[in-house]
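Input: a single structure, listed below in structure tokens.
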């Protein structure tokens, strides 16, 4: 799956990142590509937030809600991916939802529910972090639409939120793992960070190995640099 | 959803049809667009046909199988479409599967199972017929790949298979209904036909009305003309 | 399953049709037999139509609803049929529901929901069309009951609605396929028609073959004649 | 639902019992009627017993299996019964299965699985006990068929098995409760007994009341008498 | 599983019974041990009874509800028990619920719903009857809490309710079957009785055999004696 | 729920930790208590590892497998917890399984599957990390049993693995959050570490806030100290 170009990629370099408008009926609808990983991210707006959201004395919602769903299309993998939920997907969409909510002041969108759908059309590693990066763009576009429609008064987006994977391969830290690298990695880490350099998610897992504090630090350094670049891409995508 | 251009479309004219290669890991992966209706069609090849397929005395499969799945992405409709199966989708994917199998000599692909996935990314009417037209192209590409890999010896594709919708609106037959027309139609008909002008599916339904034999004939005439044009598009898509 | 008598049946002849009252607690409850195909059709009346039905300004429903469920009892086939939904059954019950609704003016039964249950007790081909023919009778009886109870004021039944299967076997059109004929048929078609000779469903499928316009016409001719006879049976059943 | 005749029935009298042959494709297929309670009982034979049945050293099953499924058709109750499993039905079909297995020497039908389906077409109390009584007849007919087909060598049926309900109403023991009586009963008891007067199931429940040892004895006396009559009906049904 | 001590137990003797307070957040939370059978019984109080409970004219519930759930923890059996519902568990929890409700005047707890959870941590026979005995204690503690909180005014508990199993092994009646005895038993009977010697459940089953009226009587005698002892244990547990 | 003692606990102190043997039929069965959080951890051994585990040329498994299930009993929370899977539980049990596998050399237990069940009986914060700490003990006991039974030859346990939660409250890092602290925490972090000070899981989440690199470092320092103490408890528990 990985091309020759990718193999030569330096350990601290991102894959090629591309964001483009994508056809769809949802107010936010984009295609994000990180190398051969390609994901459709759409954001739909509705006026039916979850019932458990707090209300004021007059019965009006005092908050809104942002949630995410993650799905791999059957043709996204060389062996056809069966449709339907699995536990990995459940875990991933919870991660995406948390990261997006950390970028939003939910009190500024009372009674509004935005669902961000991340449908992977080609999977080559790093789909969960690319989903966060792309879904934030779709979410921002949906918010702009909701403001133009009068559903939201003030912009609830606090600022950009992006994510990247990083790992350790043969003892060396490596940024933005594609599938081939991911298979070789002893440690796999996903980091979500905002434009101020603050973290909302740091998830390091060493199923095929363990990692020291020093390696944790090295991976965090790489992730910070990568996310800063992604945030520039996000800003550019919103302007176009 | 329908644009001004579409409203002026003549009753016997197709919407603009466009087929393009689409990124994905499956051997067949295309995007078909009929006006604003846009569908990703992928075809995946596996060596695990359904167990009930007949075998010879030595336990080898004497046939292969072709099946289809139909799905609308959440962002494909203005109101977000919830994920998961519904009875309408079940009915549609059975229709697509039957039409595709009618275009294939299953005995020429023993032990090979091809699944065609039709994922609607924007729905503006006619998704089931566009799925048939597009899935046949993806299927053909997957067959070419399977032949190049040595999984299939002789080409099992008998010839093109395409489909179109046709309806009756205010007493007049109309080809290729978009969503706005579909809502207004008293009768809705879906026709699948091969390159020899032979039919494999004729499904006319008049929930909001009824139709006479004369109207049935008129709709069949329109459908035949439309499908002939679609088959030209299919052939062109396979050559490119 | 098919008897000697059936094999000698002419290509344009219906099997023996019999409708009888059947025990049950629902207001409409009949047994329809077409040869060895035997189906219990009941119609139950309730005051809980689907929520999405339109309401007027005062919150009252402006329409009613008619729906159908189709089921094969485990003992209806030589190999025991497992209980539970399958995609074939889903497709069939949608077809039955559409055909029945086309025979009813739903605005004349506001707030009333009628469910027609078709439970096959012996399956020998043509169960979906016999279900339509039988369910219309049960529906009519349930409507009579609902009128006598004051739940419906004016009769919403527009007129009879019946259905039959027709196919092509060895190049010849054949009416009312039993299981043995159905297995041999290259093309299988189901037609639902009202007492005015207007169609509401025309579903021709050629999984084991294809069919020409001329064959379509020939099958439609046979179907029209068969349904006219069935409508006479329906009328007689309602009078008795 | 209960007729005037039933109201006058004596406390120690059964309702009218009737068993008739019923159309169906299963080898055993009968209709049992106890007053207005009417149930289709079919028995299907297959060669796929549950995997956990014990096998001998050569891998052959040393036993067969008998199981039951219980279902109420939607039209069996004045308010339409929704399809699908519920916990009450689960409990009932386990009871039926146990009672039937107690009438069979499973070692005499190695590798044979018989499923008895009890589908209630009209429910007026006592459906679980009537199911046992009727299913035993269908089971016996299926066994006869299996022996004629050479699937079973020696008759595994030990003898008749029937069941009846009995309850306490206003302090008085009452046999064979119809729906109206069942609603009034403080205690409800179901008893299954064989032709030797031996019990396999005694289930007394007092949700609306409690019962003394003396009342238990009185109910057992009534049940014994009722079941003896039912066993005569079973024998007659098998001879006809 | 059964220890030497148990093997020597007399046929009319209970296993050692022990009830102790158990950590948990529910107002009623105890551990009941009968020999090696050990079950956590908790009772939770909520103000959301089932919707179908009757209401008065002002829309207030006129009754409360008591229900039970039964579950075996995976580590409760030597071969790990898979999580999730099965038909046996469904039947058991219905039995527990009925027995508990027979001990409560539901009209004295309007609008209050109490759920009793019986989680088996070690299974050595008699789990369903031990669950009834233990759940009644947890229920009583929860009622005391609800009264202290003002949710219930008057004590709705009518009196103790306990249950025991009894069986016939090699022709002899035996009280309180552990797993080893249960496997050998021809007949298995579960009896629930209140402090007045009145029964609410008598369930005798002879899957591996049958039983006479005399044997039924003998088992009932044993059960009565056993339950009287259990009721003393229940009373002591509530005082401590 | 939190007691006065806990409120006075220093920010860098663990709650009281207690591990005790617990009744159950599984070879490993313990109760772990961290303050008021109490969890039953059992480990069951079977010879049916997942089918996808790699095999050698002779068809023998070359590895074993360790997995975990996490569940909260209904009575573990003040408001009764409904039974059944939810997405939070799915995510937690995946985490537990990964951490345990990192402590095991799966190649030393070919063909052996060990399932660790963590059933929370009282929830007061930190259930997922206490589950890891407790499940490792149950796993070790099950491994000892499997070795004594000859199912495993060499001890596959690499060494202790424990976990702890840590968070930031009002800007201050805090170890081992109970429920009350957890609600107040802006950031919540779970860390799993082995006896060599190497990490296998680092999961920091800031749904109610964000965190800097400095805060990450501070939390990691606290976690390291806490886990070292837990590993001493684990070792002591295995010796007793």
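Quick notes on this one:
Labels A, B, C, D, E and F are assigned to the chains in the order they are written; within every chain, residues are numbered from 1.
Assume contacts are C-beta pairs under 8 Å (C-beta built on N, C-alpha and C of every residue); 3 or more make two chains touch, one makes a residue touch a chain.
Given the structure is predicted, the values throughout are model-derived calculations rather than measurements.
In terms of the stated touch criterion, chain D and chain E have no partners in common.
Between chain C and chain E, the least number of touching-chain steps is 2.
Among the other chains, the CA centroid farthest from that of chain C is the one of F.
Matching D-E against the pairs in A-B, B-C or C-D identifies B-C as its interface repeat (over half of contact pairs the same by residue number).
The pairing of chain C with chain D is characterised as same-residue: of all residue numbers used at this interface, over half are used by both copies. Centres computed as Cα averages put chain E at a distance of 33 Å from chain F. Centre to centre, using the average C-alpha position, chain B and chain D are separated by 51 Å.
Each chain gets a centre from the mean of its Cα atoms; for chain A and chain F, those two points are 28 Å apart.
Contacts between chains close into a ring here, every chain touching precisely two others.
Per the touch definition, chain A reaches chain F in the complex via residues 87-88, 90-91, 94, 98, 101-102, 189, 194, 196-207, 210-213, 216, 220, 224.
In the complex of the two chains, the chain A residues touching chain B come out as 1, 22-26, 29, 33, 36, 38, 40, 42-44, 46, 69, 71, 73-80, 83, 115, 117, 119, 121-123.
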